[in-house]
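Here the structure comes first, spelled out in structure tokens, and everything after it is commentary.
We just call them A, B, C and D in the order they show up, numbering each chain from 1.
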Amino acid sequence: MKHVTHTYFRARYAETDAMGVVHHATYPVWFEMGRSDFMREVGVPYTEVEARGYYLMLSGLSVRYRSAARYDDQLSLSTRVSEVRSRTCVILYELRRGAQLLATGETQHICTDSGYRPARMPADLLAALGG
Amino acid sequence: MKHVTHTYFRARYAETDAMGVVHHATYPVWFEMGRSDFMREVGVPYTEVEARGYYLMLSGLSVRYRSAARYDDQLSLSTRVSEVRSRTCVILYELRRGAQLLATGETQHICTDSGYRPARMPADLLAALGG
Amino acid sequence: MKHVTHTYFRARYAETDAMGVVHHATYPVWFEMGRSDFMREVGVPYTEVEARGYYLMLSGLSVRYRSAARYDDQLSLSTRVSEVRSRTCVILYELRRGAQLLATGETQHICTDSGYRPARMPADLLAALGG
Amino acid sequence: MKHVTHTYFRARYAETDAMGVVHHATYPVWFEMGRSDFMREVGVPYTEVEARGYYLMLSGLSVRYRSAARYDDQLSLSTRVSEVRSRTCVILYELRRGAQLLATGETQHICTDSGYRPARMPADLLAALGG
């Protein structure tokens, strides 16, 4: 079964906009925070990935917004991998306030070397992501 | 034929990240800037939409990243409407550096009243969006 | 003695820039997060301040950067009030990674009503801030 | 006489917050945009500074907020150097909407090499900054 991690945090005031709710471009920033926690928990912190000369660059992003988050809301974000290949992976996110699902998201990634050229993931990274 | 607007700008340093390129969550912010220019050009500035008690909230976002933008790059963003209905619309974006396509995006919107309840767009807004 | 609150968090990747360290405009966002925690701990959450028709707007900001924070650093931020008058207050911040002081900051605030006009702070807010 | 550059732009929706005005942490991002324009105009684009192995890191920042900027406001930012020494400089900013002064700011910088160690500025950079 796939690993799922949970990240808990509050919405910041700076993340809101003049509509009075959290700005939509904040959600990918939260997803990235979830991804950081996921990678640390499965044993390959992203700092190490970069230290070894790899990037997991974004090739695609999608978000479905169902209900708005507001300043100071206590939120939980679940993160899990849905697909892994030797050079790419897809990660899924669910953002909740209590039991209510506020948004879902997906990021597609491509592994590159430090020169931004597509590269095979190191074996331990691939394994940690469930590949 | 559908209206297309073009927005010209440079990537800011604050928009980059430790990979040395523009952070992926910057692109929806740029799309929003393109949307502002679009709405002003077709005669319904978004400031007026809100002044009249409506929001065009995001219900969905997707981005395809093809090649990274970097600090100080001179960029052009084209914005156009692809679908309009009485309460919703879909807007498309293409980001280029010179002739090179760097990213494409799509935002889905729902028109709401000031209480965030779905609402029919005013007739002039609908017409300006091509509906 | 003045109340001091502590906020613990990690630097996000989106908060870094092409220098490889956290972008300087991130620090006021962190200070604001510290301020939110402070106000909640002293019994006047900022959500309540706004719900009662007041804003604590910024009139001034200063930051001294001593050593750079980096992605995924575990940071602690201390927040305390240094001055309070009937309509204004000054808040101080210290950002640390372990024992190392990375930055210090100060924000000056003015209390306004919901029309952005200067206003006396409600008595309980003034008391909570130590005035 | 010292060189002054002017940058013209509109406030973005993403730069606002739930107070309905531009968030205070946006101002240092705008100052940085002014700094980029300044350096390009005086003949040492910041991209070149970095390409030659130097950074102009921030050691200090201060902002005085006089009147709030709002979404879609047409703004002008003036940027000029107030002090230059062999390893440091101070830059001043004035933000206006029409004739109205909205904010003033100051950034202090230290020149470092690519390892973040303090370094003398190259002669042409020093000269371009007025030193």
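As a working rule, a contact is a pair of C-beta atoms (placed from the backbone, for glycine too) under 8 Å apart; a residue touches a chain by one contact, two chains touch by 3 or more.
Keep in mind that what you see is a predicted model, and the values were worked out from it rather than measured.
Common neighbours of subunit A and subunit C (chains touching each): B, D. Taking each chain's centre as the mean of its C-alpha atoms, the one that lies farthest from the centre of subunit A is D. At the interface between subunit A and subunit B, two copies of one sequence, more than half of the residue numbers in use are shared by both copies. Taking each chain's centre as the average of its CA atoms, subunit B and subunit C sit 32 Å apart.
Averaged Cα coordinates give subunit A a centre that lies 23 Å from the centre of subunit B.
For this pair, subunit B with subunit D, the centres built from the Cα atoms lie 27 Å apart.
Residues of subunit D in contact with at least two other chains: 13-14, 18, 21, 25, 29, 32, 71. Residue ranges of subunit D in contact with subunit B, taken from their complex: 10, 12-14, 29, 32-33, 36, 45-47, 71-72. The touching residues of subunit B, counted against subunit C in their complex, run 13-14, 16-18, 20-21, 23, 25, 70-71. Interface residues of subunit B, counted against subunit A in their complex, comprise 18-19, 21, 24-26, 28-29, 32, 50, 55, 57-65, 68, 116.
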